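What follows is a pair of complexes built around chain A, which joins chain B in one and chain C in the other.
What follows is the complex of A and B.
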């Protein structure tokens, strides 16, 4: 650990650039799935523990399409509608029935869904770690100390485009307005003629599509494996708990924060700790929230 | 502890099954041992989740920690080389323990596992019980993952490559009978302890915390102390049963010690299937779940996990009150629940008196 610290801050401080860049690349992806979670949580009070498995599922869809030589942008345009439909089906089959139940029920039901998806993906794609190799050029900077694969730059650009699209959609479109109205006050929205059930279904499906997009990006810049989903769920929960519901800029900020934290933990303590990093940051966020709340004799609920 | 006739019959049948089951079906001894283990897990989960209303997804932490603690105790007491040497040899050192050494080590290991689990739960209590509802569930899940990830970075306990447990001094039939008895006895102890606790003031207090914690606190119940005890009891038993399970498995690593997606979630599912917040619900749920699990294991080769996931979802989404809850609403008088007819409207919609 001491050696790594010295390497980072004394011998070759330029490596920090690499770590920060990597953190930003993965943070952008985390922010997408976290925003989906915040949306579903805020609008319909469902805590989706299968979030990470939606991400991995999108990744595997991208992998399958890539093997058919479909270009990247087209992959995104195919995976997002597919995941949207999948989300809609899941809503009709299970989420609709647990929406007005105890909060723990949604957590547990989606955990069950998460196990189911993991196992099905394991059966179809096998337990190996896989990735999409785009065969794109890799740029070097600062005497080869920092490498920037252009696939990562493209990913960052795509994530930015998707996030912008989501912001405009939520602000401008009628569907976005209906979602925001339902989040504020479902009863009033119903009185004003909004079909709540459709809004819920749309929100959940939209979340699945966002996760699918994140999954496509993950499969390009990182690796996917059927059982990696849970860490994405944990990261999403950490981001949402830290950033609050329905605040997209804060979610993006927290996403970059977690990305950086994870990469620095990996760089300083070794890659063995990279899985523990998002979990420990979730615990730290929860403890921090408790300390904040305790000042007013409140609890985190 | 007064018992109704039904309860006595149930205990009698369970005792008969527990004693004669492995004698009549010796091939299934270990399977029935796992059944008792799951009864224990579901029942102790229910103390915190059902009776106290703190839905934990992280009770499995104590199971894994218990496993590792007992391994350390069992090796370090009677092997001169020490734990570090034993684990770094990756199973090539097989110390010859005499039966007396082995059983002493095992007994101490189980006890130490329970005590460490208990201490750990008290430490966790200090920063977990400010969380309510879903935050507690997610936080405890995070805790389990974090502890599992930290465990495999410690080389002292074998790191990612795991530890092989000391060899059992005896033949394979004696081995399974011995671990069967351990599981059975631990389950009996935990069941009667919980049964007694739920009938005392402690039971009332944790039920009050479940129903409305703020009011309970306002009534002068020291909620934090009760919650600590309410987590320490499951933690103790999970530690003990973890130690037993580790020895049954013979080899422990992250997957064996922290089965978060399997036992970690099964215990919750079992308690919900049977009906949470009741003494018998988790027992019933565990028995049914185990039978389904063994059947899918046998007949649905690669699909067993898919089948279990489906059962979990259907159970939670469509059948949440559980079997005991369903029976209680169906036949309230059998459970000694008096339905107050004075406020129930009759068929004509008029208030009956």
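What follows is the complex of A and C.
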């Protein structure tokens, strides 16, 4: 660890640039799937444990399309609607029935969905690790100490476009307003003529589409495997817990924060601890919240 | 009184069981016993193993069999199907020894099955030569009757360290970067690499553990680029190989030597042909190996002969080759001992020192083969695996234009 600290800050400080860049790329993808989770959590109080599996599912769809030589932008435009439809179907079949149940039912049901998706993907695509190699150029700087693959740049750009689209959609469109209204007060929203069931279905489907988009990006810049979903679920939960529900800029900020924290943990303690980093943040945030809320807590006698 | 009779009867029974009527040598045939997986999850590899045993038995018998005390004996193997379950394997081993009177055993398939059977053969003092259990933990139990012809898992990448030492004028200056997953197999591999590194007094500049669900090792590779080690050693099953190949390319990592396990399984030569150029990948045996023996000829001869007998194979798995080698060890041991006494045979096996088509065989005190290195193959520019028998055969430094 001491060696790694020296390496980072004394011997070769230039690699900080690489670590920070990697953190940003990672964070952008995390933020996408985390925002979907925040929406579903905030609007319908469902904690979706299958979040990461939706991401991987999007990745496999992208892989299948890539093998048919579909260009990248078109892949996104196909995967997002497909995942949207898939989300809607899951809502109708499953989520609708557990919305009014308590928290454990939603956790159990989505955990079951997660297992099911993993096994189905394993059956269809096999357990091998796969990736989409776009064979795009890689830029390097500082005597090859910092490399930036153009696939990661494109990914960052796409993530930014999608996030901007989501912000505008939530602020300006009628559907976005309906979602926000339902999140604030479902009963009032219903009184004012909003079809709550449709809003829920739309929100869940929208989340699936966002995850699908994240999955496309993941399959381009890293590798996917049927059982890798859990790491994305964990990171999404950590980000949402840190950022709070329904606040996209905060989610994006927390996404970048966790991405950077993860990469620095990896650089200093070793790659094995990268996945542990967001979990430790989750823990710290929960402890901090607990202390904060102590002030407001009153004892009822 | 009753107690006393009971004990006497028990002892009599035990004695009668321990020295069965049927002998291990019937007429002019020596019976070897094996519990092998012909059904269940190991069935495919169990079959590869059985065919390897059978082919060796056939060749040895055709060449005049085993000569003991001036007389020629034929070999024969008695098989039971262990259904790929360790408990069944242990039962069958006991049955082979106690009921069928087998006094020489050939191993089952896989480390797990061998672990289940070894205590049984050990208990009865029956020598077992196995060909399919690579786990290092098999050879730390102090077993006296267990011998393995294959290289154990800690040898998978140790050869790479030898090569790195040979390529350097002063091995003490060689700087190594390690990236290993935390699972038992990779830790075994790492232990072997570390032993070699300490032996040469090399420096480990990076020693990162990789997570189980590994999809990104860019931080490790960033450090590799900054520290510029002489060799990068990676083990993390197929996912480790795939992730490494992908990111080494993307980050333009330029290390003179890169060695990793599971290249074939991850198909790195197909998926990342440009980066995989120059990767060193271990394997137990290759048919192009330049080793030979008077019985089977060269590695290529064995390969041709085996294929002629088993025409369903287009490419022969190394599991069959090492199975044949195990039978060959017994032939040599019988002739060296010039006796059928199982302890004499055991001692003869422990002294075996031979060159075979499968590689050299010589057992350590713990029973593992220490003469055969793990073979290294290097992926060339056209995605072909080329055997690297000595450091000079290796393309060094790796020649990749990113």
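Basically, the second predicted complex is superposed on the first by the 294 of 301 C-alpha atoms of A that agree within 3 Å, B and C clash if a C-alpha of one lies under 4 Å from a C-alpha of the other, contacts with A are read in each partner's own complex, and residues count from 1 in each chain.
The definition used in the following text is that a contact is a pair of C-beta atoms (placed from the backbone, for glycine too) under 8 Å apart; a residue touches a chain by one contact, two chains touch by 3 or more.
What you are looking at is a predicted structure, and each value in this text was computed from that prediction instead of being measured.
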| item | value |
| --- | --- |
| Superposed partners chain B and chain C on chain A - clash or fit | clash |
| First (chain B), second (chain C), both or neither touched by A:224 | second |
| Partner chain(s) touched by A:147 [first = chain B, second = chain C, both, neither] | second |
| Contacts of A:26 with chain B and chain C, given as first, second, both or neither | second |
| Which of chain B and chain C A:98 touches, first, second, both or neither | first |
| Which of chain B and chain C A:184 touches, first, second, both or neither | neither |
| Contacts of A:4 with chain B and chain C, given as first, second, both or neither | second |
| Colliding region between chain B and chain C, picked from 9-17, 27-35 or 135-143 after the shared-chain fit | 135-143 |
| Doubly contacted chain A residues - partners chain C and chain B | 230, 272, 275 |
| Chain B partner contacts - residues on chain A that touch it in the complex | 47, 94, 97-98, 101, 103-105, 107-109, 111-113, 115-116, 118-120, 122-123, 230, 234, 237, 241, 272-273, 275-276, 279-280, 282-283, 286-287, 290, 293-294, 299-301 |
| Chain C-touching residues of chain A, taken from the complex the two chains share | 3-4, 7, 11-12, 14-15, 18-19, 22, 26, 128-131, 133, 138, 140, 144-145, 147, 149, 151, 218, 222-225, 227-228, 230-231, 263, 266-267, 270-272, 274-275 |
| Chain B residues within the chain A interface of the complex | 55, 57, 127, 130-135, 137-139, 141-143, 145-146, 149-150, 152-153, 160, 261, 265, 268-269, 272, 302-303, 305-306, 308-310, 312-313, 316-318, 320 |
| Chain A-touching residues of chain C, taken from the complex the two chains share | 179, 182, 205, 207-211, 213-220, 222-223, 225-227, 238-239, 242-243, 246, 249-252, 254, 266, 271-272, 402 |
